[in-house]
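These notes open a run of structures that come right after.
Next come two complexes built around subunit A: one with subunit B, the other with subunit C.
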Partner chain A sequence: MQFLITVLLDGLIYASYLFIVSLGLTITFGVMKILNVAHGGFFAWGAYLASISIIYLGDNEYNSFLYYFAIFLSAIIVGLFFGYIIERFILRKMYNEDIHLIVLATFGLFWILEDLILHVFGVDPLMPYYPAMELGGIELGGIFQGVYSLTLAGLAIIVAFICWYFLKKTKYGKVLQSVIFDREVSVSMGINVTKVYLITFIIGGMLGALGGAYIAPTISVSPGFAIDVVVMSFAVVVIGGMGSVPGALIGSLIVGLVRAFAVHQAPILELFIIYAIMAIVLIIKPEGLFAPPKPRKI
Partner chain B sequence: MKLINLKTLGRIAITGLIASVLPMSVNAKDTVKVGVVSFLTGPAAGPFGTPAKQGAEIVIDAINSGTMPAPYNTKGFAGATMNPIFSDESGGGTKQVGLFRDFVQKQNVDAMIGYISSGNCMAIGPVADEVKMLTIFSTCGTERLYEEKLRSHVFRTQGNAVGDSLAAAKYIADEYFKGKVSTSDKMYTGINQNYAWGQDSYKFFKLGMAQYMPSAVGSTKPQFPKLFSGQYGSEISALSLDKAKIVHTSFWNGDFEAFMLQALVRGFFQKKILVSSVGGSGVDSLDKKFPDGVIMGTRGNVGLIVRNDTTPLNKWFIDSYKKRYGAYPLGPSYQYARAVMLYKIGMDKAAKAAGKFPTQDQVIAAMKGVTFESFADTIEMKRGDGHQAVHSIAYGVTKYNKAKGEPGIEKVIKYSASCIYPPAGAISQKWVESGMPGRKCN
Partner chain C sequence: MFKGILKEQTIQVGIGFVFIVVLLGTFILPEWMSNNFMYGLSRGLAVLGLMILWRTNLVSFGHALYYGFGAYAVAMAQKYLGVTDVFLRIIIAITAAGILGFVLGFILRRYREIFFAMLSLAFSMVLYGLLAKAEFLGSTDGMSISPSTMFGFELGRFGLFYFIGFVVILSLIFAHAYLRSSLGHLTTAIMDNEIRVEYLGYSVEKAIHIKYVISACLAGGAGGLMAAALGQVDPDSMVLWSVSGELVFVTIMAGLGNILAPFVGAIFFEFIRTYAYEFAPQAWQMIIGGTLLAIIFFLPGGLWSLFQKINPFKKEKK
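Up next is the complex of A and B:
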């Protein structure tokens, strides 16, 4: 029983982290049909901006509430700033280009964002541990879990709910679904697709940055740490289905739980098993488990 | 007009020719150009690459100006000033081999110093011999570098990982297992990065435990997470559920710091005893949050282990480093400085013997098998046909120094090289498995 509870908790925490990061990636793909490799850059910048803010607040003994304010503000700033610049001045000029060229452009942008980090923040690792240390640990199922890490699950649930409410219950959400379904039809119906693209890219960037900013207090934030996260996010969206929000959720849960089980039972298979699942999904259902339906065009 | 232009062109050409010839002649006598390679970007830059570069800079500048304490107080390298060219080690073996060739063939360096990654050392070692370039590896740990093949142009001033793991096992057997009788007290497990360094480190720790403490039992589920994975929630849970009390790790860089942070908030160190073979570099990042009671090594008598050592050379290094960079030198700072010191020894000794500025072959001959004083230790180039260093390895237990307000270490035990390294010519694994014949422990 203790084993099952522990695996479940470990899996849920890791899945929550993956969901927040991969959600931005899958939304951007769903709307814009762009595989945004630069998503890792948003993640890294979110982590760095949050880190220096938290370290400043912690060193100067500000109210702990401000840590969380800094985390969300960092995500918003990074998403708005880089999201606007990248979409407005680079991607918008490439929408008519071959999709592979756009992927290469985002790949280049990822490295530019990574390199900018070196120039702005330097190479020394940052450890903004204050929020994680202050919340400490709690005994669940016989072993201690970090409370801060558990709040990740809460954040993931809130983000998933906001996403669902936005897409299903708001006018703009319906507009977004229309663009996801068919860009040309949306244009003919008077939807400003250019604006939708810009807003979507910024929101996707904010989600990526939020993942980095929120995870920062539990890791050593150092140059290059985002690369693995991007790769793992790709595995999640491939399993769940590119462009599918429920897919990102289920994909994250599958990867998180399977990885946790492997770490406990067969540690050497930890990575193999994730990519084996991805390969199986690609063979059986190449579009992913929950890929949105494609319109039939005549 | 045309004539003037031709004359001017001629003057420029002659001036250019003189300018291009002059530095070459100066280079041969007054300066030595050396490539110094460490991680300047990526997760290993902060805790390893940058302190390594800074350690090299301190020693190079001091030798160039003749201000380093004895026995390194003569000016320059065989009288020549070292002109270091610092380069980034990131990008993997293939990229580094390309850069190495570039250093040799295009930049015409006189020697190469550095390299942290074992993978890079294994890739560059054969190339250094092929292009006949004197190369001093400072940090990388794989024992395969000299056990697979002897190297003609490659030296390594750092003992290999075998000594780090065996010393860790001996410390556990001597200090922790003494008098312990319960099964869980005698069990051990590990969390190591899933590549050569991590797997070899745990392998030799296990082999060492089998020799020093035959009744100790290794876990069936040691953890090997991916290098730079950063998230260890599941691994910490699995280790917590494991009955083993001793947890060995060779984590380094940001991975060590992330693991410590995540384990700390989960009360991991109240139940487990961590043995870290190279975590000394990460202690300062967590400062007073770093838990007491972690059994800690720094891959020799460097970094945290010798912070209070008052040997004049060590004191000078710590003071100079703190004055220039505002922090204590870490293990890699010492390792890189040590490699530079060997180069000076080789150059000076060869120049003295030859009575003139030495050739590369003379420098190599002078460095081979040499024994020299490092900061708080003696380095013997006695393995790998005189190209591979052995030295003592120390372990201690972390204890925050409240009086000084900084991380500290206590209960330090130094294991001599003859106790933890196989004799010259032996293969490490076979030597340990056969009961470490001929070992002499102090």
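Up next is the complex of A and C:
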């Protein structure tokens, strides 16, 4: 029983964090048909920016409410700044290129973002543990669990709800869906697709940065730590279905729970099993488990 | 298939190029510089494999699978069978990667575009997951490889360099023979229109499968040579997805124009990396990333298109 609770808790927390990151990736793919490797760069930048602000706030003993403000603000800043630059000056010139070239370009951007971090934030690992320390921990079914990690699950639910509301209930959501469905018809209907792409990319970047920024207080933020996250969120997106929001949710739950189970039961299989699932899903249902149905076009 | 191949200009230039590189590397240049040539030639094999795939517009973001598999096959053969002979090593690496490619090819040959890329990525990460966590495979520390021998004698660095040159020449000949055969021409046709190729009576899947196995063998051979050259195999620098990304990057940097391009590109890449690391240790990734973007934007044909403009051997079009 205790084992089950541990696995469930670990799995859910990891899944929430994966969900936030891969939601950004899947939205970018769904709308723009780009596999954005640079997403890892957003993630790392969010984590770093949040870390230094939290460390600054914590060292000077500011109000702890400001920590959360700092986390969201850094995600927004990173998304706006890099999202705008990358989309406006690089990706926008490439939409007619081969899809593989675009992936490669984002791969190059990932490298650049990674190294910029070394120059801006230095090479020493940062440990912004203040928010996690302040909230302390509670006992759940005999297991000691940090409260901060639990709030991550809450954040994931809020993000999922906002996303659902935005896509299904607002006008902009409908515009977005029409662009996903058929770009050219949307253009002819008077939708400014260029602007939609820019905003989508920025929001996707913000979500990636938010994942990094929110997880930062529970880990040690060091150079190169984003490299695993990129490919892990690729796995999530592929399992759930590229471009599908519910898919990202289910995919991150599968990956999170399976990984937690493997870590506790058979650590040797930790990475193996995730990518094995990814491969099996691709073999059986290449579009992913929850891929949106493809419009039939002539 | 191989009839008259030595008379072809591409092969003659290629053999000349490899000779020059090997002579430069063994007699003239200092060791640190000649290492770049050696690694470049070895990795060029894997890039050649990717280039052959790319000609059908299939881009594998997981080719480090075969690269690493070949390298680990060499390590395993040494650990359990005590194989250090360089001929056996390269044969083991190529066969192991070829068999793996043959098996996975049954699945992958049905996939195109981004799904092909993602599935190959998934396969390579499966191998990475195993290697990085398994103690008896050395986990993230990897395994060390003892110096290569030939017929019982120690080969030494120069000997290994000659051997790599020899393997590269053989693969150039083989790759060229394949690409100019009707099977090779077919794969370019597949890129243009699969249905038409099927109507002509050829099996698209079979053609892609053969191509995939050839590509896997080349990548495996590259891994085997690299293992022997570095004296060390480890998952992070041999199997991780970023290694696959690097290989794809070198392919696009080199250009798809000629079978020699991958080797030129791979050597060039080794030089950028070494120099960038030497002079700007905290910015070498940025330099590589910037080069990648610059090539994509300003030199879509790759480095090879530069050579084509100044090619002294260029034939007049009839």
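For this structure, a couple of remarks:
We take it that the second predicted complex is superposed on the first by the 298 of 298 C-alpha atoms of A that agree within 3 Å, B and C clash if a C-alpha of one lies under 4 Å from a C-alpha of the other, contacts with A are read in each partner's own complex, and residues count from 1 in each chain.
By definition in this document, contacts are C-beta pairs under 8 Å (C-beta built on N, C-alpha and C of every residue); 3 or more make two chains touch, one makes a residue touch a chain.
Since the structure is predicted, the reported quantities are computational estimates derived from the model, not experimental observations.
Legend: residue contacts after superposition of the two complexes on their common chain; A:Val159 is shown touching neither subunit B nor subunit C. In the superposition on chain A, A:Pro286 makes contact with subunit C only, not with subunit B. Look at A:Met278: by the touch rule set out above, it reaches subunit C but stays clear of subunit B. Legend: residue contacts after superposition of the two complexes on their common chain; A:Val123 is shown touching both subunit B and subunit C. In the superposition on chain A, contact is made by A:Pro267 with both subunit B and subunit C. Of the two partner chains placed by superposition, only subunit C is touched by A:Ile99; subunit B is not. Of the two partner chains placed by the overlay, only subunit C lies in contact with A:Gly108; subunit B stays clear of it. In the superposed model, A:Ala216 lies in contact with neither subunit B nor subunit C. Shared contact residues of subunit A with subunit B and subunit C: 118, 123, 227, 267-268, 270-271. Chain contact summary for the complex, subunit A toward subunit C: residues 35, 37, 90, 93-94, 97-101, 103-105, 107-112, 114-116, 118-119, 123, 227, 231, 234-235, 238, 242, 267-276, 278-279, 282-283, 286.
On subunit A, the positions that touch subunit B within their shared complex are 2-3, 6-7, 9-11, 13-14, 17, 118, 123-125, 127, 129, 132-133, 135-137, 143-149, 215, 218-225, 227-229, 259-260, 263-268, 270-271. Across the interface of their complex, subunit A is touched by residues 40-43, 45-47, 49-50, 90, 194, 221-226, 228-231, 233-235, 237-238, 240-241, 253-255, 257-258, 261-262, 264-268, 285-286, 289 of subunit B.
Per the touch definition, subunit C reaches subunit A in the complex via residues 57, 59, 61, 107, 111, 113-115, 117-119, 121-123, 125-126, 128-130, 132-135, 240-242, 245, 248-249, 252, 282-286, 288-293, 296-297.
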